[in-house]
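Handing you a structure now.
As written, the chain order gives the labels A, B, C, D and E, with residue 1 at the start of each chain.
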Amino acid sequence: MDLGTIFGLLGAWTLIVWAILAGGSLVWFINGPGMILVVGGSIAIMFLAFPASIVKSLFKVIRNAFFFQSKSIEKLIEDMVHYAEIARRNGILSLENTTKDIDDAFIVRGIQMAVDGSEPELIEQVMNNELENLIDRHSLGKSMLDALGRYAPAFGMIGTLVGLVIMLMNMDDPSMIGPGMAVAILTTLYGAVIANAIALPIADRLARRSSEEVLYRTIIIKGVMSIQSGDNPRVVEQKLRTFLPSSAMAAKDQEAAA
Amino acid sequence: MDLGTIFGLLGAWTLIVWAILAGGSLVWFINGPGMILVVGGSIAIMFLAFPASIVKSLFKVIRNAFFFQSKSIEKLIEDMVHYAEIARRNGILSLENTTKDIDDAFIVRGIQMAVDGSEPELIEQVMNNELENLIDRHSLGKSMLDALGRYAPAFGMIGTLVGLVIMLMNMDDPSMIGPGMAVAILTTLYGAVIANAIALPIADRLARRSSEEVLYRTIIIKGVMSIQSGDNPRVVEQKLRTFLPSSAMAAKDQEAAA
Amino acid sequence: MDLGTIFGLLGAWTLIVWAILAGGSLVWFINGPGMILVVGGSIAIMFLAFPASIVKSLFKVIRNAFFFQSKSIEKLIEDMVHYAEIARRNGILSLENTTKDIDDAFIVRGIQMAVDGSEPELIEQVMNNELENLIDRHSLGKSMLDALGRYAPAFGMIGTLVGLVIMLMNMDDPSMIGPGMAVAILTTLYGAVIANAIALPIADRLARRSSEEVLYRTIIIKGVMSIQSGDNPRVVEQKLRTFLPSSAMAAKDQEAAA
Amino acid sequence: MDLGTIFGLLGAWTLIVWAILAGGSLVWFINGPGMILVVGGSIAIMFLAFPASIVKSLFKVIRNAFFFQSKSIEKLIEDMVHYAEIARRNGILSLENTTKDIDDAFIVRGIQMAVDGSEPELIEQVMNNELENLIDRHSLGKSMLDALGRYAPAFGMIGTLVGLVIMLMNMDDPSMIGPGMAVAILTTLYGAVIANAIALPIADRLARRSSEEVLYRTIIIKGVMSIQSGDNPRVVEQKLRTFLPSSAMAAKDQEAAA
Amino acid sequence: MDLGTIFGLLGAWTLIVWAILAGGSLVWFINGPGMILVVGGSIAIMFLAFPASIVKSLFKVIRNAFFFQSKSIEKLIEDMVHYAEIARRNGILSLENTTKDIDDAFIVRGIQMAVDGSEPELIEQVMNNELENLIDRHSLGKSMLDALGRYAPAFGMIGTLVGLVIMLMNMDDPSMIGPGMAVAILTTLYGAVIANAIALPIADRLARRSSEEVLYRTIIIKGVMSIQSGDNPRVVEQKLRTFLPSSAMAAKDQEAAA
């Protein structure tokens, strides 16, 4: 779990609620029909704009953004070098036993194909295909959140226009103008909060998560291909280390030179 | 037919109507001249911005978005492998009879060309050309809906400006200011609803539909080319399976390994 | 002439005028200084933003958008095949007489170069160069209309700000507030109408026109190159037909197969 | 000097001043602190957003946009062909004297390198490098003007918000509300005028100027390379003429054919 | 340190404060809860939108933008030529001592690898990798500032909507309407100032800094590769000088020709 994400989300909402309480009452800011219009309307539009099966995955996508565990690339390279050593020492078939202890299904699938003696081109094609499917899923999740970040303010504006018309048609009682306008404004507020304190920042986060995971899996693909072709574990390490952020790499480099 | 689409469209409109009824009367929100200006003006501008023949296809495009039947890619691959088996067993000419039972005109056209002994380059060129025409038609449909999503709010704003000027010129009777302003605001509301609850979400949907159908037809082209070149049905399957989403592919993979 | 374009333009303007008459008087919406500011200011800015020689071509560009005659691609292919037959039967020099009856200066120029025995590379380079010049001219026309679609609303807003300041400085007479504000709003209305009912839709139209004409000329270039290299008329037809929209092509296809 | 540019700039400003005088007094539109905030603030932000050395060149960039002399490409090609003839007749070294009469430093530098016997690859690299530096400078100038077109309205809005707060805090004297609001609005007007009647149109113009000059220098590079390789003057002309706009080229073509 | 940056930042803020003091009191513009909402909310959203480790580096990124020292490319090329001379004269191993006097860790690392006898492909790969990491870090810094430039105004608007609702609910006391509205507007002002006088201009600056540093390091990489391959110092200079802005290069050129 990622404390920054939780802290960010709770922090932003706490500040909004606190700003409300600093000058008024929370009750003033709750308008049932307005909330239903903005939240319900945005969700309905998501079902119009995206296939139902995909909208249902939206919650999974959001949950992923919160509970995603950044995996260590250093550790991954060490593991891949370790598998290369086993393959070099005992033959590639001996990796079959090793796969039982590996958590990452993507690594397992790759090594299994190498053990089964699949053609290198096929292994690479199958793994790249899976990687592209992942990228597609991520970019679809991001585009859904971006769409929510557009449609929620739009429905907020629609609600405000509806509220303004109702208020303007009821101007006989001047004392109702203020509250009527306040209610009309609320849906714009709901839309702005949904977009800027939920949908758009999570979309930003997802884009970043995606590029991290793509790097991670690219290293796995290169590693499996290197192991499959019987590369020396040192060569495997050297090839994979070029993907490391440079500070980590430089450290390793000086170590090696020492 | 796609229940999600219908549910999304009806849901969004029901919520808007319900929000109106929660605070006022539906009659307040109906302004004949305003509706004619926004709806009619947007349609007229579509005829200015796009050739008439294309605007007329807009309804067909929208209908397609609603009644599009997602086709199973698994099923398609099975079919293509089946045709490959027939061609392998009885010669490619024997596919002539099979084409009578095939629904998809695109598959029929491809196989027919293979049966007729056309050059592989020509078959691929003709089928790719048809695929690009499809992509063009889809992207034209999307760009029309995007244009509608821009021009409808613009005409809503024009209507509101017209209404405001009329109201400001009639300020002798203060009791008319409220209703006059309400009427002026209505066209902005119409434009926002047309854009955000019809045009833009359907444009999003169309983009997604298009990429689904492009994948479907790409698999058909690869399959026909593979059958034409006399590939073994197993090879045909292997080639086409690389287009499958990875979860489905992995399942097949383990099956094959078992 | 294109009826859709005329219908669209007249329709949109008629609806705006009708909406004005439905609630007020056309005189209220005419403000000489405001019109001069928005129309004159936008035109002046066009001369600042684009070379004078190009701004002067703006009217020609707009006229083209209205009077452009969509040319039949089917007919073009038939013609090119016809020229190929003549070249095949009587030698390429015999096309010299044919060029006298051809309307399209682009085809004439291409065939003339082929008759003169120019190198194929030179013919292709010269014709492609002319095509790129056409694309440049079209995209320049579109970018001028897009600029007009940005600067007209900007000058509308400048006019409204000027009007508001004047109104606010004259608030001694409350009865003048309404009309003063109405006048101020008018320039925003002018800017919105110029942008959304003239400049931007015509820019959209131009983009479409351009891609149609590029396709048309690309087919001419391919055809001339094919004739020049002495291709069989059937091969010329087959090469050019791959540019046809698929429905038309499929029809031809079945015909050929029959 | 370019009359269109001057006419455009003066025209737009004259119209704005005239619109002010048509309804009010120029004095109402002058607010010292507001002008200093918008103009000064925008300039200060330019120093924050761009290196000081580059901001200082902004005036030079703007002056260039006004006093840029469109050079004739026809004339350039004639000159290059003329140099090719000299080189052909008297040897390339004889061009050394010719360079004294050439105004354009870019041509001189290219020919000088050819005369000095530099490697063709080096000549092309050095000249292309200089061309890319020019493109960088132009695009930097454009991006500065675009930034000014964003920051001036932003500071206009900041000024208006400051003015509104001051006005709202001083509402004891109702007669001051109008003038207070008028003053507040002025900075938005200043920002809009700076952006739309100075910065953005000049940025548009610069983009166009840049592409003209890039074409001009590209022809020079091709010409120098062609002269250096000892091409026949006719071949030099033919190569360079493919860069001409097609109308001019067609004319030449028929001449040549005649 | 960069005086332009400091001057720009201080200048813009001084002008804003001065504009406030010209018409009102600084106290009117300080609203504790509003500041906490906009500043705190934007920061919280940054933690939601970006990994915590990266947000923490934001201050470092901003500091870099201010204290970045533009390095002389002329001087760099002289140094690289100097190292090439040493390598040529005393063998590449003799550079080992030289590295002790070099400040730039990137040059040291490159030369060290050359001295250690690493493969040229590996040196280039490692250095390019480090360069791409730098580009990634810079573009991440820019995208964080761009996000701040979007979220700060969004929270400003949220604060204003909250303030407006509170004001509208408290309309019993008309004397409080002005100050209530003033307070509501303040958060929009805070958001606009944070975006336009801090975040967005620094993002612009960072983009420029990044391209300067990328050029600097590209020259280092080319230089090290050239030294490693034993190039003549004159060739090293000629290769690196092609990266110089053209004015500087021309000067050198004439010098060399003299």
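In this text, a contact is a pair of C-beta atoms (placed from the backbone, for glycine too) under 8 Å apart; a residue touches a chain by one contact, two chains touch by 3 or more.
These figures come from a predicted structure and were not determined experimentally.
**Student:** Which neighbours do chain C and chain D have in common?
**Tutor:** Touching chain C as well as chain D, we find no chain at all.
**Student:** Under the over-half criterion for shared residue numbers, do copies chain D and chain E use the same patch or different patches to meet?
**Tutor:** Different: when the shared numbers are divided by all numbers used, the fraction is under half.
**Student:** With chain centres defined as C-alpha means, what is the inter-centre distance between chain A and chain E in Å?
**Tutor:** The computed centroid separation for chain A versus chain E comes out at 27 Å.
**Student:** Find the geometric centre of each of chain B and chain D from their Cα atoms only, then give the gap between the two centres in Å, rounded to an integer.
**Tutor:** Averaging C-alpha atoms per chain gives centres 43 Å apart.
**Student:** Going by the contact rule already set, what residues in chain D reach two or more other chains?
**Tutor:** Nothing qualifies.
**Student:** If every chain is a node and each touching pair gets an edge, what shape is that graph: line, ring, star, complete or other?
**Tutor:** ring
**Student:** Flag every residue of chain C that touches chain D in the complex, lowest number first.
**Tutor:** For this pair, the touching residues of chain C are 33-34, 36-37, 40-41, 43-52, 54-55, 109, 112, 116, 122, 125-126, 129-130, 133-134, 147, 150-151, 154-155, 157-159, 161-166, 168-171, 183.
**Student:** Can you name the residues of chain B that touch chain A in the complex?
**Tutor:** 2-5, 7-12, 15-16, 18-20, 22-24, 28-29, 70, 177-179, 181-182, 185-186, 188-189, 192-193, 195-197, 200-202, 204-205, 208, 238, 242-243, 245-246, 249-250, 253, 257
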